[in-house]
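Structures incoming, each one as structure tokens.
Two complexes come next, and they have one chain in common, chain A, joined by chain B in the first and chain C in the second.
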Partner chain A sequence: MRRSLIIKSLLTAGALALSVVASSTSSAAGTGMVPFDSAKAGGTLKLVAQAAAGTLDPKVNYTGQFWQLYQATYDGLLGFKYADGAGSFEIVPDLATALPVQSNGGKTLTFTLRSGIKFSNGAPVTVADVKASFERIFKVSSPTAGSFYNGIVGAPACLTKPATCKLDKGVVVNAAKNSVVINLVAPDEAILSKLAVPHAAINPASSPAKDAGTAPIPTTGPYMFKSYDPNKLLVMVRNPFFKEWSHDAQPAAYSDEIDYQFGLTPTAQVTAVENNQANWVYDPIPADRLNEIGTKYATQAHVNPLTAMWYLPMNVNIAPFNNVKARQAVNYALDRAAMVKIFGGSQLAAPVCSFLPPNFPGHVDYCGYTKGATPTKPAKAWAAPDLALAKKLVKDSGTAGQAVAVVVSDDDVNKQMGVYVQSVLNSIGYKATVKPISANIQFTYIQNTKNKVQISVSQWYQDYPAASDFLNVLLGCASFTPNSDASINMSGYCNKAFDAKMQKTLALAVTDKTAADKSWGQLDQEVMADAPVAVAFTPKQLDFISTGTKNYHFSLQFKMFVSQLQTK
Partner chain B sequence: MLSFVAKRFSAMIFVLVSISILVFLIFFATPGVDPAARIAGRNADQQTLMQVRASFELDKPLPARYLSMMKHLFVTQDLTSYVNRGAKVLPQLFQAIPATLSLVVGAALIWLFVGIFLGVFAASSKRKWIDPTISVLGIIGISLPVYWLGEVVNLITQSKLHNSVFKWVPALGYVSLTANPWQWFLHLLFPWLTLALLYAGIYIRVLRSEILGVMKEDYIKTERAKGASEKRILYKHATRMSLITIVSLFGLDFGALVGGSALLTEVVFGIQGVGKLTFDSLQNFDLPVIMATVMYASFFVVFMNALVDIVYAVLDPRVRRV
Partner chain C sequence: MSLNESASAIFSESPGKIALRTLARDKRSWISLSILGTIILLALFAPLYAHIIAKTDPFASTLNATITLHGKTISVLEPSTTGLGLGVTPIGPTWNIHKYFLGADGQGRDVMARLLYGSRNTLFIGTSAGLITIILSLLIGLIAGYRRGWVDAVLSRILDVIWAFPVYLLAISLSVVLLTSGLKIGFLHFGPGSMALPITIIGVVYIPYVARPIRGQVLAMREREFVRAAVGTGAKHSTIVFREILPNVMPAVLVFIPIMIALSMLTESALSFLSIGVQPPSASWGTIINDGLALLYTRPIVALAPGLMIVLTAAALNLYGDAVRDALDPKTRARGD
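On to the complex of A and B.
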């Protein structure tokens, strides 16, 4: 997914003097949270953001901003572990008593539902709610209904006729045994992750059969939503029926209330945190405030890597990037350090040229497009651009002198990147222009083949930790639909042989994850030799919290753990 | 007279309908604006996309879509946002109006008071240096862009001097009058002053030049010849005449500001008013909210104009024939 609806980043080049940034997330990977300390509980946590993230419905909302809150409110059968660093990618049983028993070659998953858990409206969580929740994914046309959950038996019928969706064969429940059996059409290597994200959360069977919008749906976690006004405030209070059942999956929360205020500009948000009027800033810190945060407020800043990438998809179906040499030339010419500098400097991003980001399953440190390296003889890491080679490749490709438009979002950072890419393209022999369009429509605009976009600047943030979420989603044939705004394979790259290898690896991952991850690493290098995209850098998350805010922990999956912050 | 009012109001309806059609067509003529994929979410399946398209009636032809949107806006009043799904548009608008009214009415009182007082003072002052000084102050007020001034005010009151002189200034935002009158006042004090400065500057200059112009009129000379005191001439005649200009100017300014033109002040100070709602919806390409706020704003402006025309007609029968 993308970071949020709007990339409101205001960071600009060279302004960062974030020299001493402390990170509290230094504990060893995999360590869980320390036991709950009731003496530190209480108070109100105040979060601020420029804008809300749309519907509050956990089955529909697909933004990092609200997924961060859902981890403290909603639970699925499975969940991601409350732990720092790589440990946060571990999947643990949440509303289920244990990880599922997989049988029938991975096509059948059997769970036992924990008993005694209640929704925030007092009703017990039953297997009927579980079944209804999976049907509701289709009834509300969840964005991932067709991409994550289409493998459940009966899903295709639900996708065509959502109103009458029944998953009687796909989700078989037994109230007497409190068991849930999920039947898949084919084994799915990422099914556990898909069951752990908020779209698979268990909600009351009585939830409306359409997007609930701003009306809160009862929760199971330590918080419930009290009120939501997308223009003003989201209020979360303690769920009176919550009792900790798994410290790893859903630990007890510290603050009594969370007030998420919307409407302040990013610079006003930073000031509010400096004045202790708010505890945390959602939006990216404006460039002119980074210096003071790096110096005066260094102890309140936390920097963590994100498993994400900023990249340049190149349309492989139209000139000039229907020529592999032209695409390789862009990869050689792109100065990733310059892109990092525009984003905010080396504290906020790191140059990469692999498709899978660092810290991600399957990632291999390599770079085929740096000075002195080739896709077949890659270097360990990116070092410097090779303009001479790039120029030669453009000349050899016969595309020199062609007109190329770079389509970017119209916010400061993206526009600067666009101008920079324009200069790169000009320097290697093209006649480049920049086409900045509204940040809100750029993402869908560049997907539609009707718009004939040649090259653009885009971002991809993981949904769940699986290499397929990058390679298969962004470069698979199934993700390419001509003339549609929803065609996430922006390069229009459909290489039948490569696609077959991905399908094979997906199948392999069901039985042998290590071997599959190794295969993904090889596929990463293989596809990058064909260069359907140019990867620029992997971003980092800078969290700025107020002086009184303690117990900061960061998850690679859902970012900062909101429920663990202490304000007392 | 009645037929004049009827004509004026039918013209008003015509203008509003035209504006709504224009907004609607401009929106859908924007390349890449189709909201279906954005509503459906990232990487949505084609079938999901189709269902979203159908549920938001985006698969219907434009005229049908327009009529349906107007029906939801005016008849059933349940038009919902494209971006914040499930959020009804009209309650959002009605919640935003008190914030905008609080901001604009408070600022208007300040600028009217300052503008009239200093304008009359500048026009009447005997001392040579007072008039140019006030004029320069007025120009400074006019030239300071409100978004810049607002940020500087924030920098001083919220950041640089927040821990000393301005400790009493609350965090940015809006507290409603009914919730806490004192906090309402504190939250709005600096927004009022910031917004009022620009208009005070304009009103000072307009009033001053109006008074000086009126002072040259024949009837003032007649007054003088009759032996009226300078004070009486200034207040009873010159200022009163000049205020007519100020009143029509104020009508227009006030209408525009309540209609959403206070948006820069609202954005800088984090006040959730109509201007900010319009600004946010434009940024998000949220057509239902854009439509509602534009209709509201144009209604205000058109209605005020119609009202002014009718009042003129009452006062001056010659206008009725035009």
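On to the complex of A and C.
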């Protein structure tokens, strides 16, 4: 998921968690939330951001910004545990009474739905809602419909004809027993994680069969959305029908209301938090405010590692990046250390050029695009750009002198990245321009092939801790949907042979996780030789909170828990 | 020389010569011209400063560059080493003309070099757009005021439509649309990011503000005796317009020129500040202020330096406009102001 998605995977959680938490500066290791203290409840939590994250529909939105809110509003059959650090990778039953009983070689998952839970509109949560929610994933063309949920029996037909999607054989419900059976065409090692992310949230069956846009869909969690104006404000208030059913999956919330204000520049956001006019800053903090925060406000700053990457998807279907040499040239030319500086320095990011981030299943320390290395003879790590080789590759590709537009979000950090990339592209022989567009739409804009985006600056934050969430999701054929805003394979990279190897590895992961991770590592190197993207660096999360904000907890899965912040 | 002779000499001088002499005696014109001349000279020397003196490329990002200053090697973008060690700060003014005289921006580029190059773009766009406004306004004003009738009605309504939009709103709207798609008028094609786009946009949005007063003057002039006399003698329309009317509206036009250049320059800076004027990596004063906005807390000079240039240039142009106005106004001259 883009910027700050969170998430999952049961099988890999343990090892990953330990390694990631070891480098955390502020998260405790894996402890759950302490029991709810009603004496500290109340008040209004004020969050600030430059822009909203688009649609409020939990089946459509694919941004970390709103997924962070969905963890306190929507629930799936399963959820990620409310716990610090690596503990947040643990998958726990949420609207289901327990983890599923898996049978039929892992192809059948049987759940029992909890009784007595109501949506924020007062309607009870039923198994019919569960079935309708899974069908709605396809009806609204959820960005992960083709990559996460295409293994459900009946999904291929739904992907072909979303409007008439029926999953009668894929999601079998029994109202009398309150049971839900999910049938898969093949075992899926990451299915539990996929069922715990917001796209698998349970919504009322009456929810519209199209993107709900700014209209709130009733929730099950401690908050519901009261109003949403993407240009101004998102207001969340307590869900009057919420009663805590699982402290691990969905604990009670502290603030009575959450006001998410949009339209403030990042520097204005920082000032607002310094003056206690807001509780938390969403956007990357501008470079010139970081030193001040790191010294004067150090106690209010929380730095945590992320399994994520900043990268440059290159459209492999249009010039100049339909030429592999042009794509490799960009990889060689990028000075990743310079990009780390723009992001805030080495305490907040580290250069990488592998697709799978460090401390991630399948990750191998390698870099084929550093000075003195090649994709076939990679170095252990990135050291320096090779501009001479990049220029030669551009010349050899015959693409020199072509116009290239770099599409970036219009916040300070992304714009600076765009200007830097423009400078690099100009230096290797292109005529580059920068197109900053609102962060509200940039993420979907760069996905749609109609917009003919050649290269962009984007970010990917794990949905769940499994290599497939990076490689299969971002570079799989199933994730490429031409002319759609929900085509997360932004490079439009669909290599049938590579795709087949990924499917084989996915199957292998069900029986032999270690072998699968090794295979993912090899696939990482294989695909980066083709260079559909240029990976720049892996970031850390810096949360800056006001002095009056207490009970900060950080989940490696969903980042800061907004529902647990205390303002009273 | 007798009193009669000197009076005769004065009255035999053309109004233009009198105005020039008055202008030459006005301190305001010398002060403003000195400021403008200095700025233009600095702008012209931008390549000399960048490539010979500072030896820097003002359009290339140099985030990992280092310089040697007072025997020490310093990073152009210095990572923080205090507290949590967060952030990277560009080098501040060194006051050394050879090395980042005004410091670096967030991309490690020499601010002084960009400021000088920015001067060229801002002055060029401001002057070009201002002149486009004046020329087109004069043309429209003359045609509408002289022809009257349906021609005047059509042209006036078009001007009303443009006037109905707040000038910045119109400029921003046009910029947003045209900067992504470019502009094609007949054989003319301006690509996205072309400098011709802000020039055209700014030149057009101000036309009503100049054309309407000129039209008013032409309408009034058309009824004057000397014009009627010319019509009575059977003079051609073109002769009447260019020989009788135009010279009489020129004083107003001349006063408009520095004012419109100043306004156009300010508009260009505003558009560039909003990222819809001059496009990166090119620089203008507006884009440098925009770059400096992200460094306001640590390196305020990045935004202040171009801001100061804008203030100086706009003030000088307005001062010069005042001096021109007074020099061309017989009443002012008669008062001896």
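List of remarks:
One rule holds in what follows: the second predicted complex is superposed on the first by the 339 of 568 C-alpha atoms of A that agree within 3 Å, B and C clash if a C-alpha of one lies under 4 Å from a C-alpha of the other, contacts with A are read in each partner's own complex, and residues count from 1 in each chain.
The rule is short, and it goes like this: a contact is a pair of C-beta atoms (placed from the backbone, for glycine too) under 8 Å apart; a residue touches a chain by one contact, two chains touch by 3 or more.
These numbers were taken from a predicted model, which means no experiment stands behind them.
In the superposition on chain A, A:Leu387 contacts neither chain B nor chain C.
Of the two partner chains, neither chain B nor chain C is touched by A:Ala41. Contacts of A:Asp485 after superposition on the shared chain: chain B is touched, whereas chain C is not. By the touch criterion defined above, A:Asp57 lies against chain B but remains apart from chain C after alignment on the C-alpha atoms of chain A.
Comparing chain B with chain C, more residues of chain A are touched by B.
Contact with neither chain B nor chain C is seen for A:Ala507 once the two complexes are overlaid on the shared chain.
Residues common to the contacts of chain A with chain B and with chain C across the two structures: 267.
Across the complex, chain C is touched by residues 267, 286-296, 298, 301, 303, 335, 337-338, 341-342, 344-348, 410, 412, 415-416, 419-420, 422-424, 426-427, 433-436, 542 of chain A. Contact residues of chain B toward chain A in the complex are 30-34, 36-38, 40-49, 51-52, 55, 80-81, 83-87, 92, 95-96, 151, 154, 158-159, 162-163, 171-173, 267-268, 270-272, 276-277, 280, 283-285. Chain C makes touch with chain A in their complex at residues 59-61, 63-64, 77, 79-80, 82-89, 106-107, 180, 192-193, 275, 279-281, 293-299.
Contact residues of chain A toward chain B in the complex are 1-2, 5-6, 51-52, 54-57, 60, 62, 141-147, 150, 159-160, 162, 210-215, 229-232, 261, 263-265, 267-268, 271-272, 274-275, 277-278, 437-438, 440-445, 447-448, 451, 473, 479, 481, 484-486, 488.
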